[in-house]
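Quick one: the structure is below, and I'll ask about it shortly.
Order as written gives the chain letters A, B, C and D; numbering starts at 1 within each chain.
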Amino acid sequence: MATAPSKSSPALPTKQLARLREQLKECAAGLGGEVSARTRAAQLAETYLGLSDAGRHEFLRLIALEFGPDPKRVATAHAAYQQAVGTPGQWDAEAALRGAMRSSRIRILTQFNAIPQGVKFLVDLRADLLRYLDKDADLKALDRELENRLTSWFDVGFLEISRLTWQAPAALLEKLIQYEAVHEIRSWKDLKNRLDSDRRCYAFFHPRMPAEPLIFVEVALVNKLSDSVQHLLDEDAPTADPHRADTAIFYSISNTQVGLRGVSFGNFLLKRVIEDLQRDFPRLKTFATLSPLPTLRLWADRNPDIFAACFAPDLAKLAKQAGIADAEALRALLPKGEWAEDARLARLIEPGLIRLAARYLVTAKSGEKPLDPVARFHLGNGARIERLNFLADTAPKGFKQSYGMMVNYLYEPGDLEENVEAFMREGRVVAVAAVRHAAKG
Amino acid sequence: MATAPSKSSPALPTKQLARLREQLKECAAGLGGEVSARTRAAQLAETYLGLSDAGRHEFLRLIALEFGPDPKRVATAHAAYQQAVGTPGQWDAEAALRGAMRSSRIRILTQFNAIPQGVKFLVDLRADLLRYLDKDADLKALDRELENRLTSWFDVGFLEISRLTWQAPAALLEKLIQYEAVHEIRSWKDLKNRLDSDRRCYAFFHPRMPAEPLIFVEVALVNKLSDSVQHLLDEDAPTADPHRADTAIFYSISNTQVGLRGVSFGNFLLKRVIEDLQRDFPRLKTFATLSPLPTLRLWADRNPDIFAACFAPDLAKLAKQAGIADAEALRALLPKGEWAEDARLARLIEPGLIRLAARYLVTAKSGEKPLDPVARFHLGNGARIERLNFLADTAPKGFKQSYGMMVNYLYEPGDLEENVEAFMREGRVVAVAAVRHAAKG
Amino acid sequence: MATAPSKSSPALPTKQLARLREQLKECAAGLGGEVSARTRAAQLAETYLGLSDAGRHEFLRLIALEFGPDPKRVATAHAAYQQAVGTPGQWDAEAALRGAMRSSRIRILTQFNAIPQGVKFLVDLRADLLRYLDKDADLKALDRELENRLTSWFDVGFLEISRLTWQAPAALLEKLIQYEAVHEIRSWKDLKNRLDSDRRCYAFFHPRMPAEPLIFVEVALVNKLSDSVQHLLDEDAPTADPHRADTAIFYSISNTQVGLRGVSFGNFLLKRVIEDLQRDFPRLKTFATLSPLPTLRLWADRNPDIFAACFAPDLAKLAKQAGIADAEALRALLPKGEWAEDARLARLIEPGLIRLAARYLVTAKSGEKPLDPVARFHLGNGARIERLNFLADTAPKGFKQSYGMMVNYLYEPGDLEENVEAFMREGRVVAVAAVRHAAKG
Amino acid sequence: MATAPSKSSPALPTKQLARLREQLKECAAGLGGEVSARTRAAQLAETYLGLSDAGRHEFLRLIALEFGPDPKRVATAHAAYQQAVGTPGQWDAEAALRGAMRSSRIRILTQFNAIPQGVKFLVDLRADLLRYLDKDADLKALDRELENRLTSWFDVGFLEISRLTWQAPAALLEKLIQYEAVHEIRSWKDLKNRLDSDRRCYAFFHPRMPAEPLIFVEVALVNKLSDSVQHLLDEDAPTADPHRADTAIFYSISNTQVGLRGVSFGNFLLKRVIEDLQRDFPRLKTFATLSPLPTLRLWADRNPDIFAACFAPDLAKLAKQAGIADAEALRALLPKGEWAEDARLARLIEPGLIRLAARYLVTAKSGEKPLDPVARFHLGNGARIERLNFLADTAPKGFKQSYGMMVNYLYEPGDLEENVEAFMREGRVVAVAAVRHAAKG
């Protein structure tokens, strides 16, 4: 990537740091007019690209710590503002306080926008920033300012939805292979299969990053809810007639730009995709996902008691038949997947896994929100948990992260708003009765 | 225009106002998720478009006064911030204070962006706002927030420069006719002449307002500095070979969007245009304007003493020959233009007008900046005053606003930065010696 | 136009003619390979463009007379062919005879295609050729070869139908103004009105002449059959909702390229337009024209007896009331149009004009086909004569060529094929009973 | 491909044949007007696509044999023509004879053009025709007519040259993989390498076959003449700076449409490519190919005496060192390639292979033209044989067809025309002295 930090160059020597500080000051002051300022900023941006990781970190610290607002000026403006509250001067004073809060940081960063592909540069710079932020809280104010600016720039009103087909530029399709985060695209043949006539792939683009899909979703047009991702990805499966399909399955949704963390547009994308599909395929009745449970196993490993409880009544049987000593042994066995080939054993395991997954989705929380990140996204969009699918992802990764389990989230247009409301207000997880019962059972 | 306020509908009745308040609150609260919020906001935007002017004013007041930040929350966050200054918690506290300052106003307005052509809608809404602002200072904080948002959206890095030719869509060229603010385009034939092979027309566009040029400049490729705009606009003049031209004259620059007041991009446009011209026409040596002096006469009318002084030594001669009683009578005569046809009289008047225009440009100020808005723009870009032109705009409007005088501003690439610096730091007006002398004489 | 013959240069001097002959021989021989031959041909094409009209004529005569097939070679090949008929060698001999007939003329002309906009060049060259052909039958074989080649190049399968809107390039819309052959486009405002939302304009384009519409049709979406072209062209008439229209009126069809005489595509255009309209406006039930009768008056002037007969029974009344002495005087009066303002007089004249127009359309022939060129076109497409309209074109040209009369041809999709068949086989003019009766009355 | 004949359907039953004959007659007669005729023809074209190979053959025989010109009508027209020769009526009579020769065959076929992608359909139909033609000379007249029509449609003036990059649609790039006829493209990675910044790929397209490159050439920008195609195709070789290259190597040229046999455009493509490269890379001095010798081994196998003579003086040495018994054994050994790994052996073999290849290129003929098809193409374009390269194509196919030998043809812009002339007039093979000497040695 253009902005991968140079490994060879060391961190910033003191002399260069001093020079950088001077240059940043000139940028912030805007000497010589805006046009010249942008030109100088562009040079600084080029400098940034040539730095090592440590150098970039120092560079960003410099901006974060030395180009913030002046606390004294803020204090003065704040005092005036509070005094004006309730008087005709309040609104002027408010604008003045906001002016005092405005920092040079964001001014410097947005001037970097002047380089070719400047937007992509800033998104990648934010990706760097987020890495440093993990261990360096001093960057927080800068990160928040940059996030706000990117949120403004990536307002959903500016994004373009595009359908990606086999007619798209190879350079663009190559990005799908690179960015696919859920079910790896193994080859160009695999990719072509995902763009076939019974498939759809949509992405959001920003007008100033035309070569970069921001987020993309892969859709299969099928009959009935899908219960196996391997079936969907089978390159040798016959192509179905999409005009006879009654169900659209969103089987992969990938965000591509780490630097846009906190800028949300996934929900808008699904909304637009559903509208587009409804127009093109009026026979579609059901819109649902086939989604992974990325942290099911992690959670199960941390909650051995719950795990054991889910399998409890059957565990004795299992033990006998499969030489499984106890819940612990079972937990060690399940992520490996070989057991799935023994149909009888699988049948014994299924009810426990269903219970486990149901309990995970319905009860496991991080704060007030579901622990599962995919559940957070779809429930936050107003979808409901519709069905748990046993042996739905039999790839090694599928067993490793969720014992082969997957879940369908259903988008019922009429219910979305109410579901979102309940989810946001009280953290309610909307699920069909079968799943709710399984979670309790 | 899409947003021209409805004349028939009255201001907001109390009941509708109450309903609006509720709807705005829902918008601000984001009930039912972002997607639903945008949908509701879009309905509000449609409502706005249907209101009368008074109704729109009330609507905006509602947003301005009732959806600002909470002074108490600001006070608390500010106290925490000031306490944290100098400690590791400063940056977190800064971000928190900025969060407390964030108002629902801008959230509401940007949600309006969801309607088709939402960007244009907000630009036009700002144009409304600016009108009300003149008499209603309560809207100031809202206006400033909206200006900031528009400044972010219309960052020059997002704008596209396009050359407009006779191959452009008629619907777009029609906008040039409509928006031309300096020298009226009288007909499609006039327009076609301005797009001929010895002309260039460039505009900036925003990717989400593709049908609206934001600013455009008309250029003539000529030999030597132009001294007559009528000559440039003559549809019957032969077309010159642009590849032999040594001078590019920017003879008309028009901003089109009232709602983008305060968002600057004119200087970037000229820079890009000069680069483009240099690449296409390597023989070009001189880049200059032929510009009006829009408030020369206004200023002269307010400063009769200066006027009289400029003509002083010649006034006796003039009086005799043309039946002009005194400076006062001369001031009344000059805006009418008939005198220009009497060559002898014109020769007598010329030196005085040159002095008057020079003094106006060099000495007339508004604050520390030149009084003349066109001078403010070009000097602020680093251009210098190169030459004053007598009888350069002989259209009625030309006589009326500046007695037919025009001025060339010269863009000398090597000097721009230093000129801007001097202009910004000390308000220095850069002019050639001849003009400086005339201003003193 | 690019190929307007130079007026200053004289016809070809003998020396230049000799040189041209040499160059053409080189072209025909293809010395130095095809690439070089094309390059030389391009130079010859440039030479052609620089010649006077007389010079071009000589140039084409040179090609026509000296680069045809060799009669002796043809005789030999023909003898061999006739001998081979009925034997296995027939097909080879046929190909050989065809080879002997192949002339260098077309080889030379198609090599001209190598200049930029070569297709347009050849179309314009054919327009020249057609002018000379009128008086110089020696060019006939050349013209026929060129017509065949153009027919092959302008095969309807290669043409693109485009809808032209106000979003089209101004340079292209300007061509509509220039080429409109039926109802003059008076201004850009008039043009814009013809592209409004209740109008449609379609054109055929050739991929190698993208700036030139080959033929275009203007359509109004209305309710009921139109009976007045002035009403359709009224710029101040309110815009109707096209989605409520039940009738599409083709009110102007213009061929633009004289050089494509004999190459037909008008019928394909109407077919495609009807399909496009049906898809966009499912409520449309009727597809019809509002067409001129371009040679009605000419024919009436040549057939005073028929004219008199049509007005016969009413002539006495007319005479009394309007001071019209006789049929002769009436014929002199009608093309002027003032009479139309006297409503009573108009009412008296109407039946006679209806009869006259009906008889003209139904009975006036040129060979076996209708004399009226517009009738030939629409009847040849399978349309039927639906209604005659009195005072339907009240522009001076309308009175002058057809006393203000116009006609609706109706395209009834289910009847077209049978109508064409009858028209082509037996020259049958399909008309509704009312028109047929009027023609007899 | 769309037109692959159906394997399941049998040849035409008598009944269907009779029906087809009727339909073709209707097509030829144009009943019901051109629009209806095209519609019916389109149905016939669809019928064709559904036929088996034998059925298609019969279908084409029907057209070939029953829809040709009428010999009697031809005889009459010919007699009239010969009589008119030398009189003013000659040109009319010539046009009439040409009219009599015009057959319904081509009318039927071009009407097929009305189906979507009609041009591609006809090109593929010609590919079928060429297959049948090998064993069925009755199709010759039809084939020649179709060839003429395709030659007219694929006139080089209609073709568009496009540079293909990694930004091209994947569906289009996939065609390169499919059509590459010289050096197989093994993977998308291989393809991407061939489109890298030090490479160029150009293709000709027809405006009505936008998804099909007609011919494409792959170019490497290098320093000095290339002597190894494996080096050029090495995906792991570093990318060179194309702006420092002095030589453009055309290392692969592929015609893609079998059905366009006899329609030439390869030479125009190279000319356009050279112009484009010269403009973009002014430092390029040398334009040359690295070409295979596709039939060298075939020719050597048929001429064992020449083979033996080329190796004669060294054969004893070779025999000793490598256990090669005689020329015969050597001929059997060379196509396998293992010998190349024995550097000493290779050094012994080199001079003989150089002599063999030189003699093959310079002396082996088919009629008056070189036997080697690639040599025919490049020498026919005016290139010269510049250098023979030993072990230049070490892929199995390279050894198999030419013992690893390749050749550089040099395009010296100043010499092309003279070379073509000499080649066409006297079949002269232009080669540098070294090659000429080797051919004699």
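By definition in this document, a residue touches a chain if its C-beta (ideal position, glycine included) is under 8 Å from a C-beta of that chain, and two chains touch if they have at least 3 such contacts.
Keep in mind that this is a model prediction, so the values were computed, not measured.
Engineer: Considering only chains that satisfy the touch condition with chain C, which of them also satisfy it with chain D?
Structural biologist: none
Engineer: How big is the gap, in whole Å, between where the Cα atoms of chain B centre and where those of chain D centre?
Structural biologist: So the centre of chain B lies 62 Å away from the centre of chain D.
Engineer: Centroid of chain A to centroid of chain B, CA atoms only: how many Å?
Structural biologist: Chain A and chain B have C-alpha centres separated by 42 Å.
Engineer: So the centre of each chain is just the mean of its C-alpha atoms; given that, what is the distance between chain A and chain D in Å?
Structural biologist: About 51 Å, centre to centre.
Engineer: Mind pulling the chain A residues that touch 2 or more other chains?
Structural biologist: In chain A, no residue touches at least two other chains, as defined above.
Engineer: Among the chains present, which pairs are found to touch?
Structural biologist: According to the stated criterion, the contacting chain pairs are A-B, A-D, B-C, C-D.
Engineer: Under the stated contact criterion, what part of chain B meets chain C in this complex?
Structural biologist: Touch list, chain B to chain C: 166-171, 173-174, 188, 192.
Engineer: Inside the complex, what are the residues of chain D that reach chain C?
Structural biologist: It comes out as residues 31-36, 38, 64, 68-69, 71, 74-75, 78, 81-82, 85, 88, 90-92, 94-95, 97-99, 101, 110, 113-114, 118-119, 137-142, 144-145, 149, 152-153, 155-158, 207-208, 264, 267-268, 271, 380-382, 416-418, 420-421, 424.
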